Each structure stands twice: as structure tokens, then as C-alpha cells.
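Scrolling down, you'll hit the structures one after another.
Two complexes follow with chain A in common, the first pairing it with chain B and the second with chain C.
Right, the complex of A and B next:
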């Protein structure tokens, strides 16, 4: 039997969850015995060319590109995991969620005390740029998510235990210390 | 001396004084019933319902229900665990609880209950309401995003004339916690500390201190909430 294939992505996150994945240290050698990696920022494969078994996604959806990538993952992965606070509840980027987008953009580009001179009140508006959403969405409010691993960042041991349990089919019994929201 | 009575919690024989609140008597018998709004010897509010138990088949709040002789209390059953987990989830989606950026993280009772019931994701959609932060007092922040309306501060933080520093404003979805700016301007260090300590979440914070305890050494980093009362197994949502 061939190895399960894993794909990962970082949407509106800080890449900390991916860093935490690397914190499994030398177990990464065991990991590549257990699974193959496909599309992921770690190996820089940018497009899906085959169906994957597990998709691990960090970060919430703050713009149209995030939504597109997330939907592509849902289409190409049998199991999708929300990794970290941003994926699960929007995280720090979602601190803007109660504030109208216009107000946020005006603060960031026109009126904020750290903004230089912008007398014409220009805001980024190139067609190449993804459109910012009305709020930052948790992943499960856009597509179906199968598993959730909380933490900011999720502890490396939690990611390790979860992925190993998933590919080996063993029961996951998470120690209290590993599930934290910060 | 008041009358001694006997009753059971999940089949365990317990005893206590008639008329006292179940949640306190349970604690004295080594049984943990979770609380967020309750504080021993303060008039109960019964507002958070996290202490919901079943007595003789009926759901009641353990913080407002006096113990009766011979009653059979259900406490740590799968049904009640799920109800309590749902309450925790509702509180998480109703406010703006960004744990990674909160100074109370690790010492927060709401978060502690999230850990106890292994909340991986709330089953309800997030509200993301816009709420303000009141930083007008020189000693404390009132971070309304995190308030869970337990009313502990309203009931317990008062000046020498008995006037509350905090109060509820509005009703229903417009309900918010507010602070009396005039008296809060002169709140003592001692009372500011007490306000922060009794707040079950990070809604009241003392200024100029914070993040003092390193991650790994905070209240609920290694030990679940309620462990001082009952030895709950650490891995499966408080199930025995």
C-alpha cells in the first residue's frame, strides 16, 4: 500500500503553526516514512496534481484568495484539518471582525497615526490583489472540516500525535497539557 | 446548629447542612461542580448555568439550589457534560475571546472549562460583536469583549459606602458591563487586584502588570480546573 499523501497551506495565519509542525524535531524523519508530502509551503509544490489524503490548513479566510485555496483543498483532500486558533476561530486577524472593512482600511491607509502623507486617500485597489472579505472567517464556516487542532501555535506533540493516529488508525488520546488555546 | 442532611451525587453519599447551596456542599464533599458566576458566601446570581445538575430528574442550577435531605443529584453524566460544554461554547462565540492575546490566558476559568471539556471548536457560529474597551481608570482595564456577564464584579467590588464600581447597562443583546468612571478613577490597588482576581475571564485587568507567569506555570497549564476539589481524570473531558 502506498503512503498517505499530506498537503498543507497557510492562509490568514502567521506561519507559526507550520513552524510548530517543524518542532517535531527528529520525528520529521519518521514522518516522511509514514507519509508523502504534496502541495505545501514546506516543499514549495504549488499546485495539486493528484488527490491527497490529508490536508492541514493554518489560518482563517480573510480574502478571496484564501477562500479559493481552501475550496481547492476541500476538493483535493479526503480529510481536512483546521490547525490552530486562526483556522478555528479567525484568531488575531479576526480582531477586526466587529469593525466595518472601510473603517479598517481608512485607519490602515489614511487616518492611522503611523500613516505617512496620503492626501488623496489612496487605498490598495489593484485588480491583481485579492479582495478583502467583510470579516475573517473560520475555515469551518466556508467548507466542511473534519478535525480541529487548537493552539497558538498547536503544540508540536499534538500535531504529531494527531497525524500519527490518523495515518495508523490508532485511537487518539490527547494528554491534558497538549490542548491549549494559546 | 443547623440540621445535618444526607444526599447523593452520582451515587456518592454526601452530607451537609440543610439549606446551604448544593455547589458549596458538593465541594466540601470532594465533588466538583463547575462554576463561573458563583462565589462562595456571596448572594448567588445563577446567571451562567454552567453548574446545571439534575435533581430527581429536573435540571437546576447548583449555585441557587439548597440541598434537601435524601435528594439524588446527577452531576458528571455524559448528558450534563454535553450541556456544560455547550454553555462554554456559547460563551466563546458570544464574546470575542482571543485567547492568544489575552493576559488572563492560562488562568482563565472559561478557558479552563474549555480544556476540561476538550472543546476543539464551538458548535455554534461566532457572533463577532463589536465591543469597546474602557481604559479610563488609571488602575484597571475593562475589556468588554471578554465579559461573560457573571456579575461577580457588580456584586463584590464596592466602595466603603457600598456603591458598586461596576454595573450592567442595557438588556438582552445590548447588555454590557460598565464601570463608574468617577469612583473607578480612585480605585485602590488592593481592590483593583481583587476585581481582576474574581473576574473568571480577562474582562477586568490590572494595568501595568501582565504576562507575569510564564507559559507552562499558569493555573490551568498542567492541572485542570476543579482539581483542587476533585481529582478529575485529565484526558477525557472530565469523564470518570
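Right, the complex of A and C next:
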């Protein structure tokens, strides 16, 4: 039987969740015995060329490209996992939710103290660029999500246990400490 | 203005503990509590501005902007809606030219809603400048608005008085008692002072033992054994306090209203007996603001009892000192929760405390305190008078005695019934003349929605416990919209906001029910509602959040088909709208809102 195929992506996230995935340390060797990786920043495969079994996504959706990638993942993966606070709730990027987009853009490109000279108040609007959304959306508001792994970043052990349980079909037994954050 | 404010502060001995009373007086005097007034109160009481502001903002009847010269607060609880509230709203809005939540331009009339005001047997009902108006309809609204336009005093708009003490010169209210069935305990024969005299000769420990052996359990809803509570408190050191809980906020209960009207002496006597039993000198009656119309009368009863030496110093010559004062609430359901009630009585926001310590250990001003329901105190009086054995003959094994039921909704004879514990729902429905019943909401929104297949269940603490609220829902009603949605909106409004789950899940769940009602929900929403309700129940500090998902969970369990008929058979739906989501930023950066897919 062929190995289950895993794809991952980072949307409006900080890559911290992916770093945490790498924190499984030497178990990464076991992981590649268990699964094959397809589209992922880890192997730099950029486009889907086959159906995958598990999609793991970090970060929420803050722009049109995020939405596109997410929808592509939904199309190409049997199971989709929201990984981390940003994917599940919007996380830190969602702190802009509630502030008008125009204000955010002006702060970033015109008025913020780290902005250089921009007397013409130019804001990026090239057609090639993804378009910023009115707010940062958690993934499940856009596509169906099957599982959620909480944390910022979720502990490596949690990711490991969850992925192993998913591919082996064994029950997921996570100690309370792995999902306790206070 | 300043002088008036200072006068009010002075009248309450400049005590921060009386902040709620001070704010009530300010609201009455100025029809609002302005920011300026807040500042003066804060500096005079030595509190920070936010301390005063947070207390003020907690209660429904304090406003920053002045309410109208006539402030209408119309009850919008489920039974009011069932009995024709929509017409009343429409007529008020039409005649006043404003919507609910607004005030006429001349400042004459303001229209607002409020939660159940304890008049479910005579809905739709409203408070206008604290005067109760019941049985409203279009015609009555026309008369009221005309009288308001003529500038008549609100009291003069009440032309017919209710029965019993509702017609007492100190009450003069149109409220009817609607006592449909008087039992032998609370609404039977009663002679003031007999039980108290007996207690004083029995000794305090014997009183507690008698109440314990009668197995008197709290009538406020939770059913905790009263004798045991008193015993715990008696064993704690400190100045002990007796609180009577007359907050009666659970939508659909109004039996305490009737006891306050017709059995005030009995309630006070019960408090004095409890005071004797636990060794307390002071009692406080926490009276919900909605029952302000009874306050002068209740004060007068206290005075009469002092004159009879049943309260005050050296009661009945036995060297027992005990007196009672009345503490008003200001509109907050959660203040019925005993520790919130204590907080509120200390002049603070009515936020339930963490426990332990329990109120019997650290209650009012951190002293040992018992809190009991009005009916519990009344029952204790009869137990002392007639003995535990007499009392235990009534009711069931685990629930002895009688229970006052406030029955309302779709039945011929809404009102108060004193019945023995153990009556079945079937029997109850026959008693009140209810036919074509779809469901009975037992014990209010925080209770259980019981379907016809379970009408053989008993009203008893061991089967269907009830604090007294019984709402009959006829077949013609839309159970999810008329009942569940209304109840969830109530909890959303009344959550004190301390616990994150109670604060947010009640809102989320209410929206979810709204989705169902509007036909926008999908199948997985139903399971989500159930799961989220369970999480909220598990993670909330007080009874409010622990039970506020009951309207959903009990109807999902007992009436699932009603939900299923209204949800879409899909396993995912998204409200995400790309076009809407990009409009704002495209405009800001001046680029065409086109997404290349």
C-alpha cells in the first residue's frame, strides 16, 4: 500500500507552526517512513500534481492569494487541518480586524513612523499583487476544516501525535499538558 | 444639582456599600446618572471613577442619557410576546413616532424593553416610571399615551386596583394576585408571631433541627437543604446575616410577588426565625427593582412588626435583637444568584463570586451569611408552627411540603398554585385548563423544555425540579422562535460577562438559533450547538452560564425534528463573499476589484 501523502502551506502566519513541525526532531525520519510529502514549503514543491490525503495549513486568510491557496488545498486534500492559532482564529494578524483597511494601509505605507518618504502617498496597487481582504479570516469560515490543532505554535508533540494517529488510525491520546496554555 | 447629589450621598451615610441605592436615587431625581454625577459620587465616597462607572453600567435601570419624563419599560419575555406584545409595541411606536430604544424629541416619552417583570400571568405588562401596567393592548396604550400627552401623573393612570393588598393604600396597583389554589403552608391560614414565639422558647439549635428534619429544601431553584445551610452558618464566627432573596428574576416566576403582597409578615417572621437560629442581628430583604411598587407597603409592614415587638430590640421580651432593611436591586437577573446578590447589596456590580468560600462562610461584608428564597422563609414559619412531622406528610420522599407554582402561557387559568410536590405535568395541565399543549417549560429558561411524552413526570426535586416557573406552550407556537430564541436573547443580555464562555457563547448560540429560525443553518450546526452548550456549562462560574444552554440542549433532545425540518442538509457552508471582502481595500489603493482565479 502506498503511503499517505501530506501537503502543507503557510498563509497569513509567521512560519512558527512549520518550525514547530520541524521540532519533532529525529522523529522526522520516522515521519518520512509513514508519509510522503507533496506540495509544501518543506520540500519547495509549489503546485499540486496529485490528490493528497492530508493538508496541514498554518495561518489565516488575509488576502486573495491565501483564499486561492486554501481553496486549492480543499480541492486536492481529503483531510484538512487548521494548524495553530492564526489558522483557527486569525491570530495575531487578526488584530487589524475592526480597524478600517484604509487606516491600516495608510499606517503601513504613509504615516507609520518607520515609513520613509512617501509624499505622494502611494500604496501598492499593482495587478500582480494579491488584494488585501477587509479582515483576516480563520480558515473554517472559508472552507470546511476537518481538524484543529491549537497552540501558538502548537507543540511539536501535539502535531506528531495527531498526524500519527491520523495515518495509523489509532486513537489520539494527548496529555492535557499538550493543549493547556495558561 | 450638586447640592441634590450631595444630599443623596449624605442620606446614605456616605457609604460605598450603598452605592446602588445612591445611583437609584440619582436616576430617579435626574432621570439619568450623568458622567458628572458619577464623578461627584466617586470623589465623595472615596472611590475611583471607574468603580462607580462599572457599577452604574451593570444595571439595566441606570442610564447615562435622561430617560423620558415617562419612561416605558415593556416586558419582552416569551410569554409577553405570546400574549400580544407585538401589537403593544406597534401601537406605542405609532403613537409616539419613535421606535423602542428611543425617546421622543420633546423628551416626554422613552420606550425601552426589559426582561420579565414578574407579571407573566397578566401580560403584556410594562413598567412606566416604576408603576406596573398589566394586560396591555392597543386600546390601553392609546389611553396611556393620551394621558402622558396631557401630563398626568403616572399613578393617576391606574384606575382599577387588584385584589387583596394590591388595593392597600400603600400599594394601589392594578396587579392581580391570581391565587388559584391556596395550600396549607404558604397561602393557608396564618397568624403572625406564633411561630417566632415558639422558636424563641425552643432554642436556636432545636429550630435548626426542626427545619432539618422537615427536610425543607430551598425554593429558589437549587433545592439546597435550608436547615443544613443554617447549621453551617451558625458554626461560623462573625456577625452573621440573613438575606431574603426576592429578586425573582427567572422569567415566568411571580409567586414571590404574591407572597410579598399577601404574606409579607410571614416572610419577615421566617427571616427572624432564621436570624434566631443562626445568631444574626440583621436581615436584608433584597427586592428586585421591578417590585418597587411594593416597597412602601413592605416598609410599613416592618414598622408594624417593630411596633408589635416582633422585630427590633428584645423581641417578645426574650432578649433577641433582630431587624431587617430592604435593599433594592436595579435590574439584573444574575443578581438573583446568591453571591451576586450579596455583591450588589455591597454597592457593587452583581458579579457572582468564586466559591469556596461559600456565603455561609464569607458572605455580606465577608461575614457568614445565609441567603434563602421568600418561599423558603415562609415555609419555615409553618414548619416551626406545626412541626416537621406535619410538614413531611405532604409531598414526596425527597421533596417534602408544598410548592408554589407560577403558571403562565397557553392556559385558561394562569396564576399561582400551591400544590404538594409530586404533581405530574398532566395533572398540572388539567388543573390550569390547558389543551393542545406542545411543551411545558419547567423552571424557566434555565430549566427544561418537557415534551408531551414526558407529561407523566413529577414536579419534584428528584424528577423535575422547579423554582416555580411553569410556562405552557401551545401547539400553535413556533417553539424554536417563540421560546428558544427569546430565552437565548435573554441570557445573552443577562450574562454578567465574567466568564469568557458565558459572555461569548450565549451570543454565539443565540445567533445560531437565529440561523435555524431563518432557515440558514445546516446540519452540523445542530451538533455544534449541543457541543458548545456543554462547554459553556462546564466552564462557567455560576448557575447562569451553567444552565443557559438548556433551552437549546433540552429542545434538541426532545424536539429535534423541529430543528431538522429547518436546517439544510449540507455539511458545510460559508458566508465568505470575495467581492465584499476586497471592496474596501481596492478602493483605498485605487485598483479595480478584480480577482484573477
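What we mean here is this: the second predicted complex is superposed on the first by the 179 of 182 C-alpha atoms of A that agree within 3 Å, B and C clash if a C-alpha of one lies under 4 Å from a C-alpha of the other, contacts with A are read in each partner's own complex, and residues count from 1 in each chain.
Operating definition for what follows: contacts are C-beta pairs under 8 Å (C-beta built on N, C-alpha and C of every residue); 3 or more make two chains touch, one makes a residue touch a chain.
Just so you know, these numbers come straight off a predicted model, no measurement behind them.
Steric overlap between chain B and chain C is present once the structures are superposed on chain A. Judged by the touch definition given at the top, the superposed model places A:32 against neither chain B nor chain C. Ranked by how many residues of chain A each touches, chain B and chain C are led by B.
When the shared chain is aligned, no partner comes close enough to touch A:19: not chain B, not chain C.
Applying the stated contact rule after C-alpha superposition, one finds that A:115 touches neither chain B nor chain C.
In the superposed model, A:45 lies in contact with neither chain B nor chain C.
When the two structures are aligned on the shared chain, A:143 is found in touch with chain C, with no touch to chain B.
Once chain A of one complex is fitted onto chain A of the other, the partner contacts of A:124 are limited to chain C, with no touch recorded for chain B.
Once chain A of one complex is fitted onto chain A of the other, the partner contacts of A:172 are absent, as it touches neither chain B nor chain C. In the superposition on chain A, A:92 makes contact with chain B only, not with chain C. In the overlay built on chain A, none of the stretches 221-229, 311-319, 401-409 or 473-481 of chain C clash with chain B except 221-229. Overlap of the chain B and chain C contact sets on chain A: residues 135, 141. Partner chain A is touched in their complex by these residues of chain B: 92, 96, 98-102, 105-106, 111, 114-115, 118, 120-122, 125-126, 128-131, 215, 221-222, 224, 234-236. For chain A in complex with chain C, the touching residues are 64, 67-68, 100-102, 105-106, 123-125, 127, 131-135, 137, 141-144. In the complex of the two chains, the chain C residues touching chain A come out as 571-572, 574-576, 578, 580-591, 593-595, 597.
Of all the residues in chain A, the ones that touch chain B in their complex are 82, 85, 88-92, 94-95, 97-99, 135, 138, 140-141, 145, 147-150, 152, 173-177, 179-182.
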